[in-house]
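Sharing a structure below in structure tokens format, with a few things to ask.
Letters A, B, C, D, E and F mark the chains in the order given here, with residues in each chain numbered from 1 onward.
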Amino acid sequence: MKLVIKITGKFFDMEGDKSSLLSSIKELIGLGHRVALVTGGGGIARRYIDLGRTLGLNEASLDLLGIWVSRLNALLMAMAMQDLAYPKVPESLEQFMEFWAHGKVTVTGGFQPGQSTAAVSALVAEAISADYLLIITTVDGVYSADPKRNPNAKLLPKVTTLELKNILESSQSVRAGTYELLDPMAMKIIERSKIKVMVMGLSKIGSIDRILKGEETATIVEPV
Amino acid sequence: MKLVIKITGKFFDMEGDKSSLLSSIKELIGLGHRVALVTGGGGIARRYIDLGRTLGLNEASLDLLGIWVSRLNALLMAMAMQDLAYPKVPESLEQFMEFWAHGKVTVTGGFQPGQSTAAVSALVAEAISADYLLIITTVDGVYSADPKRNPNAKLLPKVTTLELKNILESSQSVRAGTYELLDPMAMKIIERSKIKVMVMGLSKIGSIDRILKGEETATIVEPV
Amino acid sequence: MKLVIKITGKFFDMEGDKSSLLSSIKELIGLGHRVALVTGGGGIARRYIDLGRTLGLNEASLDLLGIWVSRLNALLMAMAMQDLAYPKVPESLEQFMEFWAHGKVTVTGGFQPGQSTAAVSALVAEAISADYLLIITTVDGVYSADPKRNPNAKLLPKVTTLELKNILESSQSVRAGTYELLDPMAMKIIERSKIKVMVMGLSKIGSIDRILKGEETATIVEPV
Amino acid sequence: MKLVIKITGKFFDMEGDKSSLLSSIKELIGLGHRVALVTGGGGIARRYIDLGRTLGLNEASLDLLGIWVSRLNALLMAMAMQDLAYPKVPESLEQFMEFWAHGKVTVTGGFQPGQSTAAVSALVAEAISADYLLIITTVDGVYSADPKRNPNAKLLPKVTTLELKNILESSQSVRAGTYELLDPMAMKIIERSKIKVMVMGLSKIGSIDRILKGEETATIVEPV
Amino acid sequence: MKLVIKITGKFFDMEGDKSSLLSSIKELIGLGHRVALVTGGGGIARRYIDLGRTLGLNEASLDLLGIWVSRLNALLMAMAMQDLAYPKVPESLEQFMEFWAHGKVTVTGGFQPGQSTAAVSALVAEAISADYLLIITTVDGVYSADPKRNPNAKLLPKVTTLELKNILESSQSVRAGTYELLDPMAMKIIERSKIKVMVMGLSKIGSIDRILKGEETATIVEPV
Amino acid sequence: MKLVIKITGKFFDMEGDKSSLLSSIKELIGLGHRVALVTGGGGIARRYIDLGRTLGLNEASLDLLGIWVSRLNALLMAMAMQDLAYPKVPESLEQFMEFWAHGKVTVTGGFQPGQSTAAVSALVAEAISADYLLIITTVDGVYSADPKRNPNAKLLPKVTTLELKNILESSQSVRAGTYELLDPMAMKIIERSKIKVMVMGLSKIGSIDRILKGEETATIVEPV
């Protein structure tokens, strides 16, 4: 199967072993899947965006700083995968397609101001006609409300894109680096190409194969 | 002033003289403005998208066909401007910024699947901190409803982005090549960077300077 | 065998199914051949050239417009072949060689002003030391005279490059987009590298394998 | 005026001062002209072509070796001109146009197998709508026959492209690196765009301005 | 004058205002100088190198991570300078030369594994024939010994490259990201091209013009 | 095994058959090794450097001329290897890594002013974690002193990098094109990454496999 894995930028902020993601991707490849990895920017991205704001940069430039940090995270993972991954990080969807054609894992960060790396992962999934888009985030899946603000929010096993839009609407913001979970661009692409999306927490990095087989759970997002 | 002019792809389908746009841009430059031109795809784009659909291409690939036609229209205009324009068409916002730094008119078509050339024009306007984004389309401005479907729709002298979103909501669709006027990406960028937008018809190509001075009218879109 | 297939740009103008060419190339690959595809510009190229002429473009710029349309046709075919083709269209022979090294079908349009896509196909055939250059055009092969002007012209089963030059000489013109069949550059390359050329009509798209085996006929051009 | 100067590759083989060409170009720029310089490959090109032939390279690859040597000569001249020249050597006409837009001297070697650097100079002259193409070669101008073989050949003050074609026809060959003076591609471009050509010897390097003013002589090639 | 300013990566780690460097460079440009800025990687570079080491990357890959962080710092500064700087960060000396030709400030980070950004600054200074290479580091200049380890080390007003080599020899190490002040590559370039170097502390950012005029002090490194 | 072979630029100056190196590399590939080839510049490089010096070029530009000749030698070898080699010559280590990922022989010349092609070969060996770096030079291995100047110098079967540094120190010079055997950059990389190096003469081109098996001798350089 063709899989797109989108990993939160916060993964690169946290203490502890980063090699779990490598092992997991190697395992998936060993099972015959093809994998594209999309990395977020995380705390270092926010740090550079803050620095840029003190220097008076506009929103496009601030987004570009965040994009470059996500590309740095992508480069780290690509180099760590050695021969399994294409050794360069694409800077646009067209370039992604060129690298992807080489039969290796392709690791990418952001593409363009105004969109999240989640949007990038949806664009990539659409372009390669992926079987699944797997979103690994800091929470365990999609909740009935933002779990950071609402402790009573419930984890949902399944949600339609329409329901998800309603849930996200209140909390969504568009200042550089602040899109949450799925921005409008991501949503639009998922809907128009009926991409199968699963949202899961970082603790599931080692269980992607089991999730794909339905042996472990994650929130399934149904495009409608 | 820094001006971004977005011209409908339909301009390249129509009979009649294309040099009006050239004269107009030359006049604006003569007045000391810097100009970025964004060209849509138009009928030839739709033709290639239809051809691609019969060959089973996915939405990302179909959008790319449309993007390449818009780039062809951009190349035509860039070459026609000779020394006034940078002779290459950028394929991403980062490349646009590089070409723009050369002090010439920069002509661009689409950047990426999933967004209209109107979104491109908003991204460009944000990135160069443009004074105005001028959208030249097939109708005379923003109407109270889609004028193609509703003959009673009234031309609005001014509209907020919030009002415009409500007006467009019903008619918006996201299949390749079908976004109308301003897609969500364009809207988001306009709002977050408070870009001053004016929407006008093709008959106003020769009067841009007068519109900027307020001597002639166009719909003003107010970001809120 | 290494095969270069040059398809007339008019193929992209015509009504009807474009997938015959795809099936045919897939069949050839299945038989173990490697294939390079060269696409002409056709009617859309002529349309943009006409548009450019009204804007006062010089011959080099007009040729570039035609070249870009042929590249658009190449992109369409490359995307339709999906994993079988390299996903980018080369813009020079050196870039073609780089893409060709990836072991996939490489689809190319024009390279440079002043030469036809037939010249491109000869350059490509020479550079990869192709076994055959197959030219699929709007007529059934080489005739004793231009069949469009001379209804009595006879289809030739075999012709030397010297004879062909004499036949074409009278009708050859060099205004942008008007070279017919094989321009001087194509002829020169074919002669100096003794490239085996076969000219056939669009009805033979499905029979290339049979033509290679000599089970069906096409005009054989003998380099002398 | 816009001038294209094509200098024989043999200039780079010869003993003696190379700075005459630099001074001459600086003088022309000082007079307000814009200059594009095209450098041939010369003896080093032939040396690499010979080496390549012993290794079994095909004609396209041999031509590429010659092209790369001509680019090396171009790089030498570009670096020697320092701030006056664009510091990179273009590898295609499209790239040439991009570099040329920077307002500096653009120095180029070969573009593509199958054509001489004289053809490159004609393509460049056409693309920039040059006022003159000045060809500096090893003989003093166009003769009534090849002066190397025919000591009685007479230097011609003026010749039409048609006459020149007849004169060259007998001596023209197309093996890599062996085109003489003006190959068919050069001739075709000169004719279709009515480029004004002057052919002169190396001794005229310091007198280009005088030749342009008609104060000194060179063979004028009239496109017909 | 042509100035190369090399700023320690630690500048980007520190609290407080980054705009002092911007103002200083703008002032220098206002005085008619041309400026190239080279940015180090600093603490974020070390962080990524540490992360890479836990993932088993080799020294070349670790250096590349550091290089990419220094490029991110370069991008931040380039974007903050807006129209004054070329908007792209070069990835090699050849690319630097191309960007430098545009007449703007060119901001660069690292070029290649195995060398420090101080070596980059020396390579850049040599390539543009700079009048001065100004090294802004975390200490006030060159000391008689490493001031971090030896509190009795004395600040030197002048030092030859030979003396400096002897001083640094004991403390020099070559693990990724650990070269101090001037590595052997930097030293070699400075010596062979007799580059005038001045070393100063961060407190001198606002006084570069005064240092150039000799009104304020910094360590002068004399190439021998 | 992963092998880096560095061949002296003088190989391309000499009379006689160049195909020995091709056969040797093909044999190594047949045995299952992966090969990177690094080519020096040789006499043609020195010729262009001399020419450049008469035109007043600085050291960086002179080095670039030498680098371009080494790239020309690389292109010659890459084209001669046909399908076995990547058809383009990388211009930086990052680009080398991208080409290397294609599974073919990658042929490279110089990367950057200020370092020899021996340094390039060490950088390449480090970046691909090569098993051996094989240096084929004009003498039979490392001697106790420069054999050109000291006829009593003895060929050493084994030498540590420390010993080698001492031996070379006296004869080392840094003017463009004059580094001998291993420059400081090469040495540093070899030491920090403990690269296994063997130095041998041109007569051993056909015996690389035997040397790797210890059946024939070369000087082993031990990194310490």
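In this text, contacts are C-beta pairs under 8 Å (C-beta built on N, C-alpha and C of every residue); 3 or more make two chains touch, one makes a residue touch a chain.
Which protein is which chain? UniProt says A, B, C, D, E, F = Uridylate kinase.
Model, not experiment: these values are computed from the prediction.
Any chain bridging chain C (Uridylate kinase) and chain D (Uridylate kinase), meaning touching each of them, is among B, F; the list is complete.
Touching chain A (Uridylate kinase) and chain D (Uridylate kinase) together: B, C, E, F.
When every chain is reduced to the mean of its CA atoms, the largest separation from chain F (Uridylate kinase) belongs to B.
For the pair chain B (Uridylate kinase) and chain E (Uridylate kinase), the distance between mean C-alpha positions equals 43 Å.
Between chain E (Uridylate kinase) and chain F (Uridylate kinase) the centroid-to-centroid distance comes to 30 Å (mean Cα coordinates, whole Å). For chain F (Uridylate kinase), residues touching at least two other chains, in rising order: 61, 64, 94, 102. The touch graph of the protein chains shown belongs to none of the named shapes. Every pair of chains meeting the touch criterion is listed here: A-B, A-C, A-E, A-F, B-C, B-D, B-E, C-D, C-F, D-E, D-F, E-F.
In the complex of the two chains, the chain A (Uridylate kinase) residues touching chain F (Uridylate kinase) come out as 83, 86-88, 102, 104. Taken in their complex, chain A (Uridylate kinase) has these residues touching chain C (Uridylate kinase): 94, 97-98, 100-102. Interface of chain A (Uridylate kinase) with chain B (Uridylate kinase) (complex): residues 58-61, 64, 91-94, 111-115, 119, 123, 126-127, 129, 174-175, 184-185, 188-189, 191-193.
Across the interface of their complex, chain E (Uridylate kinase) is touched by residues 12, 17-19, 22, 44, 47-48, 51-52, 54-57, 61, 64-65, 68-69, 71-72, 75-76, 79-80 of chain A (Uridylate kinase).
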